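Some structures to go through are shown next.
Here chain A shows up in two complexes: once beside chain B, once beside chain C.
What follows is the complex of A and B.
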């Protein structure tokens, strides 16, 4: 039973991380109908930025809390500016082009960013410092759930709540929903659609950056290529839940995280990815629109 | 005589080799209801798309005269700027935000007149809250005026057809336009819905709202409008009062074809 709970919690943690990245995919898809394949790289850049900032700050002997906050802030700002810039240079000029063009541009951007970090940094795996200390109050259950996992779960929950409130109740959230439902009409009620698209990229990238910081301190190492698999997994989660749907992305991420965790725990860790992608294939066969996705009606 | 509110000068729009609009002049005066009519394919909707910024006209210019300020040229402006300056429109085939509630659809129209930012929304400071409350209140008043209060929290796509049309007008009015553009507001409506619509348009106009509308329902056009512009093959072929248009031989020819001498 204890083993089951351990797997359950580690699955939820995985799911929380996937969700932070998957939300970026699903929001961008919802607004401009593009699978932003460079999103995984945004997450990787977030991890690298927090690594660099944390290393520098710890050399100067900053207290741990200050390091976490500043590294997180730097990662968010840096990743968000990458997300913003990528949209402006790689997607905006292609907005009226066929969807495939923008998709290929996204793949190109992904490859470019990976190699850029490879050249600018290193091809080695870098040891990521454990930023989150073991909390004393977690001692009794430390063998089931680590402090980092707790922080991940709490942070992700808070991020989702904020996002939900923003989308549901604020002016900018309404403008985002309007843009995703009918972009032309959104312009005609006075919404600056370019700005809304930029904001979407900024929000998505910020969450990926937080994910980057959290998972890097969870796993303990980073590399220029970590964005690829994380991106694919988060994309799987978004499709699983129904791409374009925000609650769908969260649900899909949790389902994917749990599947992987139980498969690793009860079968073999060798089959982790096999289970994850088998799940994707099954969902696509039996419910192509995803768990919470809407059936896309043909536009006339 | 009131002053002009919209002045379109020599508007020309080419799509490749096709001239969809050819040197069209049009004007609307303050508080007036003006109709734009013409056979199918005459370029009426293209005209609307040009003045609302969806298309960039090849030649010509569009001026909006705002109360208490100088005229603004709308040519080359993005659609969201055009709306901010003071034009709002509805579509021939209804374009609501289908997954949003009726109230939200109207609120979103109001947002272009407000100034709150995402940061204000997150910390929910007093000015943002007050602004949001006043938006809800004024949107609610708008629904009362248009007669849609019973649907307030309904998802827009679940509304009956006539109510969707009215909601589209309510959303356009929520942007506080200087000039309201209606693209075939009576299309697909039954006679009762049409007569309700006529009442609605008249009551909006009675409050001083200037309106330019495209319509095929001749009875509606003749009843409502003070002046009529007629287009055919991208050109303006006539303008005048309903009486003048009814007896204009060029217009009759465009609609019915030429009379054959027996």
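What follows is the complex of A and C.
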């Protein structure tokens, strides 16, 4: 029973992190109908930025709380900037092009960013400093759930709540929903669509950066290639929940996290990634619209 | 020519990039030694580089927009390059083809120019030519983006490696088996995913490719895991034992033969009923169905034929290197083959050949740039899509020109 609870909680933690990345996919897809293949790389750059800032600050002897806040802030700022710039260079000139062109461009961007970090930094795995201390009040249940897991769950929940409020109640959120429903119509009623797309990329990238920081301090090491797998898994989660739907992304992430956790716990840990990929293939074949997605019909 | 406003814009861009690349390019920390390395010179490179690149980028974008607006208003003719004119003429086409073939055949015997090492590189380049032509069927002709193409390549390579290891079967026996098995995998993958739209299909094929690699890596009893299979026999030559140098030249000639055969097949295929069905499918799926084309059959044919070539080259790859492991079949390999097709021009045979030679040979000969290879591949994909989606030597769309007769116009 204890093992079951342990797996359940670790699955929830995984799911929470996937959710942070999956949101970026689902929001971008909702607005411009593009699978932002480079999104995993944004998450990787977020992790790298926070790693660099945290290491510098700890060398200069800053207090732990300041390190966490500044590293998180740096990750969000730079990831958002990368997201914004990528959209301007690789996607904006392709607005009117066929979908496959934009997808190939996104794949190119992803390969480019991976190798950019590889060349500018290193190909080795780097140890990520432990930013989150072991809380004393967590002592009695520490063998089931770690302090990092708790922080991840709480942070993700807060981030989701903020995002929901932004999308539901603010002017910019309204404009985002309008753009995703009908871009031409949104333009006609005076919404600056280019700006809304930029904002979407910025919000999605910031979420990914938070995910990058959290997962790096959870696993304890980073590398230039972490973005690829995390990106694919988050995409799986987004598709599972129904791509384009924000609550769907969260639901899909939790389902994927739990599936992975239980499958590795009860079946075999060798095939951890195979489970995720198989799940992706199965959903796309049997229910491409996902759990909460809308069915789109195609017209000539 | 360049206004002050343009320069100001570029200056802003270069400052933005200086900020953007600051943590990754300038700072380098060593968490074990607790040292920080500040590489300010990189920032200077970024500022200067992005300043000029942004001018070029905007200029090209501007030119592209002018061209598209011209095309829309029907002022410019479809891009007919010199190469296209040569190729459309049967006589010059034969001359080009024969002379290229002569150079290819003479290559291993050229003094100074060729060595065993050079021949080896050329063989690799030719393998990518065939892989590119195979993927071209799926991506270029049928318009199905396949990101897991390397899986079929792996199927071919492992078929030969395992059959050779367990049963001692030779190269020529396994060659068709590898191809057919890969084609079968193409059908197995293709069958369930054909209902999917373009971008979903891309992701599923990517997932499929990764599953194959992960299974090969983890199922040790079957594939010997990450350590791979070694001591695979080289192709036999009528039972005669070849020295290593001879064997390399022999494989080179085999590849030249394969390239010629592939070009012949793909060229014929393109003009066949099936080829035209693929192009129709690429242009508009629904309209294509309405014309009575069986979507399922056409797509499956594209998948399995594309996979067949990958399987064949997989067998050649295993025979050439005599050692394979799952690390040779990562997603990056698929991305390289895709770059070849995209750079050369989707759907264009001559373009794909050109793309493969450029992308494989250039990094080999410019050793200093070899580590920037993948960086350049990524940039090639983005820039080609933005500025020249039809590729360097794009395929010419066949246009039916209707010339109204007098009778037609008066009525």
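FYI, the second predicted complex is superposed on the first by the 298 of 300 C-alpha atoms of A that agree within 3 Å, B and C clash if a C-alpha of one lies under 4 Å from a C-alpha of the other, contacts with A are read in each partner's own complex, and residues count from 1 in each chain.
Here, contacts are C-beta pairs under 8 Å (C-beta built on N, C-alpha and C of every residue); 3 or more make two chains touch, one makes a residue touch a chain.
Keep in mind that what you see is a predicted model, and the values were worked out from it rather than measured.
Peer 1: State whether A:271 touches chain B only (first), chain C only (second), both chains, or neither.
Peer 2: Second partner only.
Peer 1: Once chain A of both complexes is superposed, is A:103 in touch with chain B (first), chain C (second), both, or neither?
Peer 2: The second partner, chain C, only.
Peer 1: Tell me which partner touches more residues of chain A in the superposed arrangement, chain B or chain C.
Peer 2: Here the partner covering more residues of chain A is C.
Peer 1: Could you say whether A:164 touches chain B, chain C, both of them, or neither, answering first, second, both or neither?
Peer 2: Touch status of A:164: no partner.
Peer 1: So, A:184: does it touch chain B (first), chain C (second), both, or neither?
Peer 2: After superposition on chain A, A:184 lies in contact with chain B alone.
Peer 1: Quick check for you: in the superposed arrangement, does A:289 touch first (chain B), second (chain C), both or neither?
Peer 2: In the superposition, A:289 contacts neither chain B nor chain C.
Peer 1: Enumerate the contact residues on chain A facing chain B in the complex.
Peer 2: That would be residues 162, 166, 169-175, 177-178, 181-182, 184-193, 199 of chain A.
Peer 1: What residues on chain C touch chain A, complex-wise?
Peer 2: Against chain A, chain C makes touches at 16-17, 19-21, 23-25, 27-29, 31-32, 34-36, 42, 57, 61, 64, 143, 145, 147, 192-193, 195-200, 202-204, 206-208, 210-211, 214-215, 218, 284, 286-287, 331-332, 335, 338-339, 342, 371-372, 374-375, 377-383, 385-386, 389.
Peer 1: Mind pulling up the chain A residues that touch chain C in the complex?
Peer 2: Result: residues 34-35, 45, 48-49, 51-53, 55-56, 59, 74, 78, 81-82, 85, 89-90, 93-94, 97, 99-105, 107-117, 119-122, 126-127, 129, 228, 232, 235-236, 239, 270-271, 273-274, 277-278, 280-281, 284-285, 288, 298-300 of chain A touch chain C.
Peer 1: Can you tell me which positions in chain B touch chain A when the two form their complex?
Peer 2: My answer: residues 52-54, 78-80, 83-84, 88-89, 91, 95-100, 104, 107-109, 111-114, 116, 118, 121-122, 132, 171-172, 174-175.
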